[in-house]
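Since the structure comes first, as structure tokens, the remarks are kept for the end.
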Amino acid sequence: MISRKDVLKMSGAGAFALAASRATELMAGATLMNGAAPTPPPDLRRLTTADLRALPKLKPAAAIRRTGRKRTFTLVLAPAMIEPLPGHSVQLRSVNGIAPGPVLRMTEGDDVEITVVNRLAQGTSIHWHGIPVPFPMDGAAMMSQQPIAAGQQFIYRWVAPQAGTYMYHSHYNDMEQADSVFGMIVVDPQDPGREPHYAVDVPIAVTSIDWEPARNIEAQAVLANSMLMPAMAVNPKADPNPGMGDAMERMDMVEYWCFNGKTFPATEPIRVKQDDLVRVRFANITHMTHPMHLHGHWFRWIAQDGAPLPDPRPMNTIPVDPGRTIDIDFIANNPGVWPLHCHIVSHMVDNRDLMSGLVTAVVYDGYSLPTMMQPYQTTTN
Amino acid sequence: MISRKDVLKMSGAGAFALAASRATELMAGATLMNGAAPTPPPDLRRLTTADLRALPKLKPAAAIRRTGRKRTFTLVLAPAMIEPLPGHSVQLRSVNGIAPGPVLRMTEGDDVEITVVNRLAQGTSIHWHGIPVPFPMDGAAMMSQQPIAAGQQFIYRWVAPQAGTYMYHSHYNDMEQADSVFGMIVVDPQDPGREPHYAVDVPIAVTSIDWEPARNIEAQAVLANSMLMPAMAVNPKADPNPGMGDAMERMDMVEYWCFNGKTFPATEPIRVKQDDLVRVRFANITHMTHPMHLHGHWFRWIAQDGAPLPDPRPMNTIPVDPGRTIDIDFIANNPGVWPLHCHIVSHMVDNRDLMSGLVTAVVYDGYSLPTMMQPYQTTTN
Amino acid sequence: MISRKDVLKMSGAGAFALAASRATELMAGATLMNGAAPTPPPDLRRLTTADLRALPKLKPAAAIRRTGRKRTFTLVLAPAMIEPLPGHSVQLRSVNGIAPGPVLRMTEGDDVEITVVNRLAQGTSIHWHGIPVPFPMDGAAMMSQQPIAAGQQFIYRWVAPQAGTYMYHSHYNDMEQADSVFGMIVVDPQDPGREPHYAVDVPIAVTSIDWEPARNIEAQAVLANSMLMPAMAVNPKADPNPGMGDAMERMDMVEYWCFNGKTFPATEPIRVKQDDLVRVRFANITHMTHPMHLHGHWFRWIAQDGAPLPDPRPMNTIPVDPGRTIDIDFIANNPGVWPLHCHIVSHMVDNRDLMSGLVTAVVYDGYSLPTMMQPYQTTTN
């Protein structure tokens, strides 16, 4: 993809030399990619939502019994160097060394015990967002508990609720949330027959990471002897040209927009086989709503906030609001390589106009990864 | 909650002295608050949405007959000093001396007569948002009527529509809307049996009030001889540190985000008793969508724009868009003190990182108010 | 509507002279407009959603057969001077000389062939958003194909999917999208009986056009010898007063917000007759969600992304997210002139506080156009 700067230069008088050099590489005609054959005969079934509408719904739990099984987790909060794009690191508050933290998976009725160890320089508390825990376990600092002091730990205990997608995050202050003290919780049903069988089931945690050094508290110490601008200059997002893009877009671009802690093209692809039933679970801790769009397929919106929808609806773009979990599913009935991305343009390009941010690809068996994703994955198909 | 500045200082070399002094107070270990007992045995019923799904729906009106009852209201628009947080005042265009204005409550089929008295320095008109009034009563300036001139009045007459939540607001210009020439309208059904019985029924009008003196027109006269910065310095929102927070957050922080005209911790708590059925009605006049999140409970989304939903859905975070009314209900089945708040972080903290803005608490009988809310309420439980 | 500047001046000491001069014109009492009679006796049927709830749903396709009919379109991408408001032009990347491009209309099962001719200075590719095309036809640059080089063309072939509303847009870079390389696609059912008969059926493409010269690439050449500010000074949106409006609003105002390429009052009205069944189809390529509000009527949300809703719901404000198509319908049962507009205030006023942007009017037969719209239409009723 040609950059904004190049385009600008192309539009200026006498600047076609540079344009031509990049154009040679990027614009060598509209060749089909990925060894695509000529258009195959159309699959008429794919042109309606009939198959999707015929899928069974998620059945909500009528009641839950305790399993008697104890699930223990430990979440260690500590600063860590994180690479939203390999080669470009920021220091963040992390959970178990990653940001966002690990997905916690359990079954309805499990006895859950989570030890939160605070190795940050300030207090914290963890809120189990969407889970109807008893009041003392809610993790809302100054509401249900004093913050967990630096160097201390706290044990949260609750019983896993009805099957669905939930999240956990700091409820101490916004900088911890912004730094991705946040993760997803997936609860499976006691009776697996209440849900369709998913060949692929992908949780996607949506975060935004400021590249502003001032926001990265621990990083600030590292950068203490640096000027701000040089620090920014080593950052791939750090050269915004104030003459380009509108204010909204420039603002969005001071953040790494991430799926599971990575920004495109370092995001993990979703690998599927023809006829797979695929489930994607979104959880959004950012400050903006992201309308997630899938190419080539309709999907169903099947659940939100851990609760199945009584009326799953076919669509191809679903707004995922801050603080919400959204589950969708789709039938892998259209072989190829299909972008899945936020449709707010400034969340899917960087300030050089290269594709970046909240983008991944659904890649069918037998198809190669998009070229730009290949350096970040160990296999290319 | 420890402030951003403190955290920043904590992270700097040798700055732990100050941190320690605040930490002593705030981080003395993760003590449970509100006299919380150890975790009680879990209530399994609370772990599913089964009880919520079994609640009756709101039944929409098949037809409405006129009651023959005349309801008269007078709305006086005039400048007033308003305190979104006691001790901090801004001069706004108000309705009957408050901003937002009073809730107008009526029954389906009532004959409604509302006299709007304009004591502002400029024109106005009032739109009855969501109510299918006759054209001359729509209150859209330059569409259905000339503005009501300064010093004049106008009488609006219409019949109350089907039961639900509506709003009124200036449709003259955006500064009047921004200043909260706005209020809620609640219409009750002719047959109360069409709705479940709600022990608690709370309208929440969502507004944002700029603290920028330039936006507060009448305030500008007051401040005419002041420098801008000193005027800002007395304001709790007025010391944004450009090195902190991203651009989006800084922008949001130039406003008092309010529930019913108050910003947390001055917001009114929602007081409930165990097993109460609780209804909350949101109306949003701001320029942003607010995903409202309730801790500890699922709720049902039961109506929008005065129309019951055919399929109430369980959730715990509901986006409330500008110009929309949204009704939810929930069963008070989880005793404690539970935040209800917008999940956009910059709408729930101020620029010192203290909890602020679009936050309130659902407080069960027998539980104390959160400490920070107590100074603003006459009783603490 | 009185402007912000006037209001500001009115609020200053001794500035009432000017205020009075405009007030004489604009505030001559709250005269009803459009020859409105006194309030007629109320139509009780209009006060409930019963008639709306009784309407048939859109029936989704059970299956589609190929029609054997070939539909060919040619889309020529090239720079063009566009007037979002007559008299004020910007140079944009256009489709067939207009921005957004033409609506493509077809029937389920048609064989569609679209030749995209690239007369821009850079590459492009066109994505058929929401349509389950075969992979090689998806138009995602660097995913399914190399960009169509400047001066080249490419033929897309696919079969029209189930009836509904879709869109096409550049999937090459964000500047092309921002410039409105975008249009709507309407697919009709093979059996017209699957949809109610709509007397009026209006597609509304929502775009935002930056007035910043730096964003209008080709315009930059034109302006190369101009200073930025003089260039802005000829633009009706180009005189933002930094002392007015909050940051969010100022930001929004650097764009022309458009319905079908025009900003109010140049937008096309929606003309209806009493008892018409009216369908409006929205498609949003902007970076923000627009809550669209209709005065005087409830409508049903009947479809999204080309898929009928199983449970159409009555409402009067519908959020239209980026990348989504939304279909609504309503019964024309309330004669008059009714605004239909985005409820984010900064999208419906300009920086002088005059009504502008995402606004149009539903005008009943027998009623005159609002005065401010008349200069832009060839007939006034």
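In this document, chain identifiers A, B and C correspond to the written order of the chains, with residue numbering beginning at 1 in each.
By definition in this document, a residue touches a chain if its C-beta (ideal position, glycine included) is under 8 Å from a C-beta of that chain, and two chains touch if they have at least 3 such contacts.
Keep in mind it's a predicted model, so treat the numbers as computed, not measured.
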item: Inter-copy rotation, chain A to chain C, in degrees (Cα atoms; steps of 5); value: 120
item: Equivalent interface positions on chain B and chain C, same or different at half; value: different
item: Distance from the mean Cα position of chain C to that of chain B, given in whole angstrom; value: 30
item: Sequence positions of chain B contacting 2 or more other chains; value: 289, 311, 319
item: Chain B-touching residues of chain A, taken from the complex the two chains share; value: 60-66, 108-109, 121-123, 125, 127, 129-130, 132-138, 140-150, 152, 154, 157-162, 172-175, 177-178, 210, 212, 214-215, 217-218, 220-221, 224, 250-252, 254-255, 287-289, 304-307, 309-311, 319, 321-324
item: Residues of chain B defined as touching chain A within the complex; value: 1-2, 4, 6-8, 10-13, 19, 23, 26-34, 36-40, 42, 44-50, 53, 243-249, 289, 291, 293, 295-298, 311, 313-317, 319, 334-339, 343-346, 348-349, 353, 355, 361, 367, 370-372
